[in-house]
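Starting off with a structure, shown below.
So that you can tell them apart, the chains are marked A, B, C and D in the order they are listed, and the count of residues begins at 1 in each.
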Amino acid sequence: MRTFRLVIACPDGVGIVAKVSNFLASHNGWITEASHHSDDQSGWFFMRHEIRADSLPFGLEAFREAFAPIAEEFSMVWRITDTAQKKRVVLMASRESHCLADLLHRWHSDELDCDISCVISNHNDLRSMVEWHGIPFYHVPVDPKDKEPAFAEVSRLVKHHDAEVVVLARYMQILPPDLCREYAGQVINIHHSFLPSFVGAKPYHQASLRGVKLIGATCHYVTEELDAGPIIEQDVVRVSHSDSIEDMVRFGRDVEKMVLARGLRYHLEDRVLVHGNKTVVF
Amino acid sequence: MRTFRLVIACPDGVGIVAKVSNFLASHNGWITEASHHSDDQSGWFFMRHEIRADSLPFGLEAFREAFAPIAEEFSMVWRITDTAQKKRVVLMASRESHCLADLLHRWHSDELDCDISCVISNHNDLRSMVEWHGIPFYHVPVDPKDKEPAFAEVSRLVKHHDAEVVVLARYMQILPPDLCREYAGQVINIHHSFLPSFVGAKPYHQASLRGVKLIGATCHYVTEELDAGPIIEQDVVRVSHSDSIEDMVRFGRDVEKMVLARGLRYHLEDRVLVHGNKTVVF
Amino acid sequence: MRTFRLVIACPDGVGIVAKVSNFLASHNGWITEASHHSDDQSGWFFMRHEIRADSLPFGLEAFREAFAPIAEEFSMVWRITDTAQKKRVVLMASRESHCLADLLHRWHSDELDCDISCVISNHNDLRSMVEWHGIPFYHVPVDPKDKEPAFAEVSRLVKHHDAEVVVLARYMQILPPDLCREYAGQVINIHHSFLPSFVGAKPYHQASLRGVKLIGATCHYVTEELDAGPIIEQDVVRVSHSDSIEDMVRFGRDVEKMVLARGLRYHLEDRVLVHGNKTVVF
Amino acid sequence: MRTFRLVIACPDGVGIVAKVSNFLASHNGWITEASHHSDDQSGWFFMRHEIRADSLPFGLEAFREAFAPIAEEFSMVWRITDTAQKKRVVLMASRESHCLADLLHRWHSDELDCDISCVISNHNDLRSMVEWHGIPFYHVPVDPKDKEPAFAEVSRLVKHHDAEVVVLARYMQILPPDLCREYAGQVINIHHSFLPSFVGAKPYHQASLRGVKLIGATCHYVTEELDAGPIIEQDVVRVSHSDSIEDMVRFGRDVEKMVLARGLRYHLEDRVLVHGNKTVVF
């Protein structure tokens, strides 16, 4: 069923819900899902509606025009999207296949509602798997001594494919700050620890050293500061003294791929609203 | 902060949210929490609003009068409650103390927003614990050969205390059908299995015999059919071959008390809407 | 690291551990993992050792011969396996790809230590995916009016590939009793409910009807009685009123594939001991 | 059933299990539970046996004497305990009652196998609850300007009661270094975060600021470095944007008390072996 998704953030106040509901009702809009959140600390209000497209008398453009006065009245940061227009996603990976294979399989089984424009990798290992899915694969090696050309090429490919979302599916390279800024809120990373614990390299080794009893994974938006962006989703799995670092890595793979898939899904469904360094996930 | 809770169920249709939101906005109502659910299978719509009492120009009675026309228009099953009027709760227990002690402690720590009118038990074991909390304790023994007098007394006590909620905190006796009917949707039970598995007596023994790898507990409204009422909350805990039935009972106790406390809390906060044999928990 | 796995079940008594440990120590066996379990109810004792193969002066055959007197003394049901001899696994699937894709990916990433001899399916949909992995794919359609020829062919293929393990990765057909008997303890199924709840067809629909708050999956050995065999592994995921049956099916897929992968792994590593209708999983 | 618990840590090598098992078997020891762990990284071996006391021909002292040569041969760090000798525990609390009430209830229900010698608190709030259980309560206020006298009194009380275990059940004061050193491996703390995240004060506020999707609690041995000691047990609970800090505190209380109760139970059952800054929990 084709729906429109109306996503709104604005300073809190009386009458916002009524105004928006009225607007939708006056156009006969059939709401299939509605979520609200008042954030006491920031004083902001967040809202997401999913509306049957066939119940409304107009398309996205006309909707935008008609809704603009309300948006202005309440100083809304807002967007409306159409499920008929699939988001274009670029996946980036390195050598480890578990997150990439998981996302490709979900996409292939119609579980992820998006177009996967291409896969970019700094290694060639996963080419065959990607191409079996009928998706272009670009091998962009990263020279540790001069990473700039690689990231220029990455940037060119992302632009060329007009990507709206970039997913770092265990890409294992740190994106340059300008790319992080340019695609703020559009680049999704999976970090293989329960952040803020174990930022940076080899988190499972860090976890083993500290002797934690649960390990986790964190899906977050990439910002300039490493592993510090707004968190979309997290999960953990129990480990014990009997688990070696290799076991942790193996358990962790399952958590990583589940958390990344859930986080990406929330993003694709316009369920994630970023405010400051936190997210509202409806 | 004192709030009113407006809880609505009605056949689904366009304009319900708008009408309700408008009503609230026109009276300057400050919504602190709003939840909606459209049930595709039944074609019903469910809604819960929490509104700051001090933002509205009237009390419960005036609210009811003003809202009645809208309720009628949409054939709503609805209620409005005031957090200033604490619900009166009767707890029933037997010999096992874990659920009762847990609820009493939460109440004593201001975590459960209700009045506990009294505790009724078919044994005298827990009297001292209850009385330490300053709560009346009634010992109503149940004669296995003739249970009627006991349940007549239970019924009298529940009425005498004008209870709105009865909680079977491991009471271990089956309530008679007429009591179930009279207090439909008001009697909350904790069953020590993950229903619908292991209905009836000795569920941990049943679980051990079947060799399950997780055991659970279920909080549900009591109906005439044993352990078959609408489920409010469930949870599980992992067990293994190395756990004896005694271990399962011990692990189970923790799940039981957590699940019952959550279920009761949802009920007290008017978060649970029963429809048919299922619940919506906002 | 190549290891031998010594797996023992026998009536409980004093001195078993000492006898076995002594035997291993007297041959200089380096134990890397040891597990024991005394089952009070049945009076049986279970034991599993993992021993570095290079620490022992002999191979499997000589080990068997040397150990036989001890085994006889304590009436042991026992086996010893060598990690250098990978188990031969036949996977069976139908149309749904999630469990099969997950197992194939784990095998392809060296996470599952086995040989996958072939995939048998009653539909042709997953052929390309299987063949990309370099694994033979057999399409054996099942005629609903006469299933016997299909299962004769299945049986022939399993024998032809000399399979030690058959995995029903959402195969959706009930194996005939004689096949169940012949491969007792060797056929692993994933059932898409938290057994013993919701045996049989359409468990997610059953779960939705009952209004449960968690759904699950169960990995078990196949026996003649449907969905009643010894349970190897189970897990659950939380659902709410807002989840449709389609959502449940989607959440369930993730639980199914995780539970099946864990169950199969335990089996491949000789961690599962069946006793009566229950399992010990070391 | 009275048992002896034999707990051993030593450098790994061939023949340890055989030697110990032989010793037990030669004295007709009936092993009810046995656990082993070889730590690859440290090269140490850990072992715990639970043996029916009535199956052995001698008591603790004679056992110690008889076992000493083996312990010496393998340079074992070891202990043997008798379940008939309950450990003496001192509980320390502040104003928050949830952990203390939980431990007292478990002890009162015979779920925690120990003697609770007394409760020490820097506030008087929980006196009545403690005294209802028949346990001495000491109010030892801590002067923020000079904490020394208070901790001298705490130390005196702990010694006076000959405590083997001190439990900081949300005590909210940092123990002085000399006390930490003197009772190394005997003081158990519950920290209200998933360590190593959110060390120190107000962890729920820190968690809210960082926007994590799970919050947790950590039970660990106290060392001189704040919140950095060996972790015994951890757990987490899911939170969302809709949960205020007050909600987190409330959810957290349930995790804290469960994690502390499990951690303490493991300690009391001699299941925890500390090695470096990590624990083996059998």
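We take it that contacts are C-beta pairs under 8 Å (C-beta built on N, C-alpha and C of every residue); 3 or more make two chains touch, one makes a residue touch a chain.
This is a predicted model, so every value here is computed, not measured.
J.: What is the set of chains touching both chain A and chain D?
T.: Under the touch definition, chain A and chain D have B, C as mutual neighbours.
J.: What's the chain with its C-alpha centre farthest out from chain D?
T.: A
J.: Looking only at C-beta pairs that count as contacts, which pair of chains has more of them, A-B or B-C?
T.: B-C
J.: Compute the distance, rounded to whole Å, between the mean C-alpha positions of chain A and chain B.
T.: Taking the mean C-alpha position of each chain, the two centres sit 37 Å apart.
J.: Calculate how many whole Å lie between the centre of chain B and the centre of chain C, each centre taken as the average of the chain's C-alpha atoms.
T.: Each chain reduced to its C-alpha mean, chain B and chain C end up 41 Å apart.
J.: Do you know which chain D residues sit against two or more other chains?
T.: Residues 33, 242 of chain D each touch two or more of the other chains.
J.: Which residues of chain B touch chain C once you look at their complex with the stated criterion?
T.: 37, 39-41, 46, 194-198, 208, 210-214, 216, 230-236, 240-242, 244, 277-281
J.: What part of chain A is in contact with chain B in the complex they form?
T.: Checking each residue of chain A against chain B gives 14-15, 17-19, 21-22, 24-26, 28-34, 36, 38, 55.
J.: Name, in rising order, each residue of chain C that touches chain A in their complex.
T.: 33, 97-98, 101-102, 105, 108-109, 111, 128-129, 132, 242, 250, 253-254, 258
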